[in-house]
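First chain A sits with chain B, and in the next complex the same chain sits with chain C.
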Partner chain A sequence: MSANATLVPGGPEAPILGQIRASQRAARSSFRAKYFATWFVILAIVGAAIVATGNAEPDFTTTWGRYILEGAGLTVLISTVSIFFATILAVIGALGRLSSNGFINGAASLYVSLVRGTPLLVQIYFVFYALPQMGIVIDPIPAGIVALAFNYGAYMTEIFRAGIQAVPRGQREAAESLGMTERLLMRRIVLPQAVRIVVPAIGNDFVSMIKDSSLVSVVGLQEILWRSSTVGRSNSQLIQALLIAALVYWALTMFFSYFQGRLEHRLALSDVRL
Partner chain B sequence: MIAQPTPDKGLVGAEPILRLTGIEKYFGSNHVLRGCDLEVHPRETICLIGRSGSGKSTLLRCANFLEEPTAGRVEIDGIGIDASPLKARNRADREKIRKIRMSAQMVFQDFNLFPHMRVIDNLIEAPVRVRGLGRDEAIAIAEKHLERVGLTEKRDAYPARLSGGQKQRVAIARALTMEPKVLLFDEPTSALDPTLVGEVIAVMEELAHTGSTMIVVTHEMAFAREAADRVYFIEEGQFLEDGPPGQVIDDPQDPRTRAFLSRLLAR
Partner chain C sequence: MRQRHTAIRAAMLVASAALIFTACSKVGATAAPTGAASTEPSSAASASAAPSEAAASIDPNDLLAIILKNGVIRVGTDPAYPPQSLLKPDGTFEGFDIDTANEIGKRLGVKVEFVTPDFSVVEAGKWAGRFDISVGSVTITKKRLDNLDFTSPYYYTPAQMTATTASGITTLDGLAGKTVCVGEATTYYQWISGTLALGDGSALAPVPAGMKVTTLKTDQDCALSVKSGRHDFEGWLSSSTTVAAALAAKTPMIIVGAPVFNEPLAVATDKSGPPHAALQAALDRIIKAMHADGTLSASSKKWFDGLDMTVAQ
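For the complex of A and B:
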């Protein structure tokens, strides 16, 4: 068979193609082997160090592991409710930041600047410990939610503002030409498209929120971190306790990141793209 | 003014439906429009031609206040508004501008369909929420115009599934569903693949021949020849020449009109 015969469409395939595919397969499996071997070795060294220093005590894990794990319920609850209110704050904040009214724009900009310029931990302390001195006493769970929603709302305000500005100018002009008022075109044309643009970013923030919600343990909320540090300290098993907490957070973020990736993928494939 | 008969659509209305008087526009210190006057009578088709940057699109956008004119007056269907460069529009003015926009529907170069709505929802959105029509009534009008542009079968498609020519025909149907007095076309075929221009031009010619009132900013001289009652040549924000297409396009008097057309037609 001549070399040219292999170029005929539908004809027999050139032998070199099979060899290229085999070598690509080999490269991929070699990469994967190194990748997982690295994970295994590093985690094994950490585990060995824990055993060698006499910090592995299976009794602790069997006794308290479940207790720490059950803190995940509160962590997810706080994060979900907070991201919900943060999103509402962010829409209002973004409309404020884009407003041509000086008062409204000023208020929204002050909110964003103040919240982004101060630590989340300070804000949590403020809501739980400082507000009571002004006669405003909030229970730990609502206090944690208020602080997290307030904080994330400011960051997400900037995300929503960028999302609204990313809606093509022609959309607004088309809506105006059809006689829509500012309110109507925001609600029906601009915001629905902006939301689609920012959904991936909201997903990211939700995953961050799951981790940042550990900060509300300082006001005594019995979520993952509070439980693990409490039982870890009283049993002098902080290494195991915190490792369990870390694993629970890790599992939660991987779980939600997976769904966020799926959601992004679906939005990318959607008919309703921009 | 005396009503003039036109060859293929009967009597042109006696009173102008749209009148622009002394329209001036500055972008910063750039003087884009230098006193344009334009009258359009019912059932007339007007083409605005000129180089890119000559101000023809800006003039069209001033007519429905997508751009605020710096000076001049816009009157459409009995509603008149003067330029107000120094003062923000009050509520009454904004309502008048909305009325003007509803009477003078714009078709854009890049279609600007709403990507998150199906074709039929694009068409009925404003009739239902702005004009206050019932949903069924709006759908009936929308389906009539969708059929007119030949896209009945795309009724439930999302815009992302349409070709450029189909998108522009949907955009025309969306404008028609508002039942406007005047249609404003801002270079409606300039963003299209050359093979798709024809289907949009065909729809526009049909509209022109069946008595729609239209102002068309375009580089399509074949369309202007075929459909326009009058052609205006605009250069540096001023009308240099106007008249029937046979005169302005085929026998231009001003040397600048001649230079523009010879470049354009040589392509």
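For the complex of A and C:
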């Protein structure tokens, strides 16, 4: 029932509606209260269990917490730049995969298959250690970005391709019947609708990449995981160090997921039932 | 409307990427150009920048000239190898190796930038110009001389075996047939595997029969494994200084047996890097000077519990 239904058009609302809304509100807040209470209790139990092992030095967090947190800057930097280049690679790859030219399609398909078929860690080692043997030496941060962008570009290629193909055929046919050229059709009709599918996926991959960026710690980039595992090992406080790292990643994920949720909501407005 | 939204988003993405890239290139710019950029017409203005260095003319292609021109020397170090090198909360390092490297930088008249490659990368040579020298307690061995150039030693340590208190072993022979943990690519690994040949040809104790070896990323990880309560191995072999630090940090292990060998540790340069004859000469001169004026002894006493490890045992 619409929230604005009235018995007489333009007249006052039926009182029952106020009661319905109030009870819905109460149900919602009771649900939320139980939801967050459960989170809190479970986390508190886990936290207490860890502290109770007796190995936790109390001042480790105050001494090192800031140092580990500062790694978040590099993590976000690497993720942002990588997702940018991955998007570019994905657009090129998707158009390549949809191309009727055998050479282009073959190259794009090989890229997708090869990069999706090998572990990201292997690719990071390859860019950092194997390329120098071929004479290509890349600085650590750009090397991490290259490996991540290359890897995610392959996955996103498939998403972009699916997005373009998911635009209903009728849209294309209608555009063609109006006399639009292929370029105009793509630019004004197909791609804008494909973007609705694709932009949330980019946001998704960005959040996922924040976590995958922890793999570049193996080539010595001083991001969150490198910092926490290094200081945790030196000070025999790995539990605390890794927990701090986990919390930082979790906070970053929640932060970006929130914005991604809002973006998805905004893009899906045309689908809301009124 | 939706097009404008995504267009704005795209524009923001491009703008932020541009901003990030300028920041990124500033971060990356701390890496000095390597010998691959030998088209550098660097003049030997180096002499004026080095207070303690003899004002000899240096080949402009030499790594030393490049370092002096950039005013920065990149030193490879281990971020978790107390008391030789250890990370501090503000992101800088401290330790015996760190002090030595800082002193070398001071005497060359350049700033020191620390890089943290894996030890196995340092040990194998072919650093791809990512750093200039390693002041990381690298032992001179005959095999490493194929890939690395060493200065004369800046200190010496005995290799000390330890056993976990849980294993109940109290003698070196008690570890026969048992598993010993060592750091990757270390001389301790080579000793147990029977492939160690020290650069100065000094003697090695015989390896107890059937001793097995397991590696973790660095020596410190072995101590940490025992300290956190794991029982993956019965012994740990490392330098006496690292062992002392670990025992002082209440690792449940005991020293067993006399040291199994003594190793000379030196500053290393990559053989496959840019030409570095002048750099080698300068480093050697500095190390000899640091021995002579007592800097190394004082530093050793500070970091190694009053022991002077800078004289051969």
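Rule of thumb we're sticking to: the second predicted complex is superposed on the first by the 213 of 274 C-alpha atoms of A that agree within 3 Å, B and C clash if a C-alpha of one lies under 4 Å from a C-alpha of the other, contacts with A are read in each partner's own complex, and residues count from 1 in each chain.
Operating definition for what follows: a residue touches a chain if its C-beta (ideal position, glycine included) is under 8 Å from a C-beta of that chain, and two chains touch if they have at least 3 such contacts.
Fair warning: this is a prediction, and the values are worked out from it, not measured in the lab.
K.L.:
One more residue to check, A:184. First (chain B), second (chain C), both or neither?
P.N.:
first
K.L.:
Using the superposition on chain A described above, determine whether A:220 touches chain B (first), chain C (second), both, or neither.
P.N.:
second
K.L.:
When the two structures are overlaid on chain A, which partner does A:196 contact: first (chain B), second (chain C), both, or neither?
P.N.:
both
K.L.:
Contacts for A:211 in the overlay, against chain B (first) and chain C (second): which applies, first, second, both or neither?
P.N.:
A:211 sits against neither chain B nor chain C.
K.L.:
Mind working out whether A:174 is in touch with chain B, chain C, both or neither, as first, second, both or neither?
P.N.:
A:174: touches chain B, not chain C.
K.L.:
State whether chain B or chain C is in contact with more residues of chain A in the superposed arrangement.
P.N.:
C
K.L.:
Between chain B and chain C, which residues of chain A are contacted by each of them?
P.N.:
After superposing on chain A, chain A residues 192, 196 contact both chain B and chain C.
K.L.:
For chain A, which residues are in contact with chain C within the complex?
P.N.:
Going by the criterion above, the answer is residues 55, 63-64, 66-67, 70, 77, 80-81, 84, 87, 129, 132-133, 137, 139-142, 145, 192, 195-196, 199, 220, 222, 230-231, 233-234, 236, 238, 266-267.
K.L.:
Show me the residue ranges of chain A that touch chain B in the complex, using the header's touch definition.
P.N.:
The contact residues of chain A facing chain B are 168, 170-171, 173-181, 184, 188-189, 192-193, 196, 271-274.
K.L.:
Which residues, counting only chain B, touch chain A once they are in their complex?
P.N.:
Going through chain B, the ones touching chain A are 64, 66, 98-99, 101-102, 105-106, 108, 110, 112-116, 125-126, 129-131, 158, 160-161, 174, 178.
K.L.:
In the complex, go through chain C and note every residue touching chain A.
P.N.:
Chain C residues touching chain A: 2-3, 5-6, 9, 13-14, 16-17, 20-21, 23-24, 27-28, 31, 34, 36, 79-80, 82, 86-87, 89-91, 115-118, 121, 126, 128-130, 220-221, 224, 227-228, 249.
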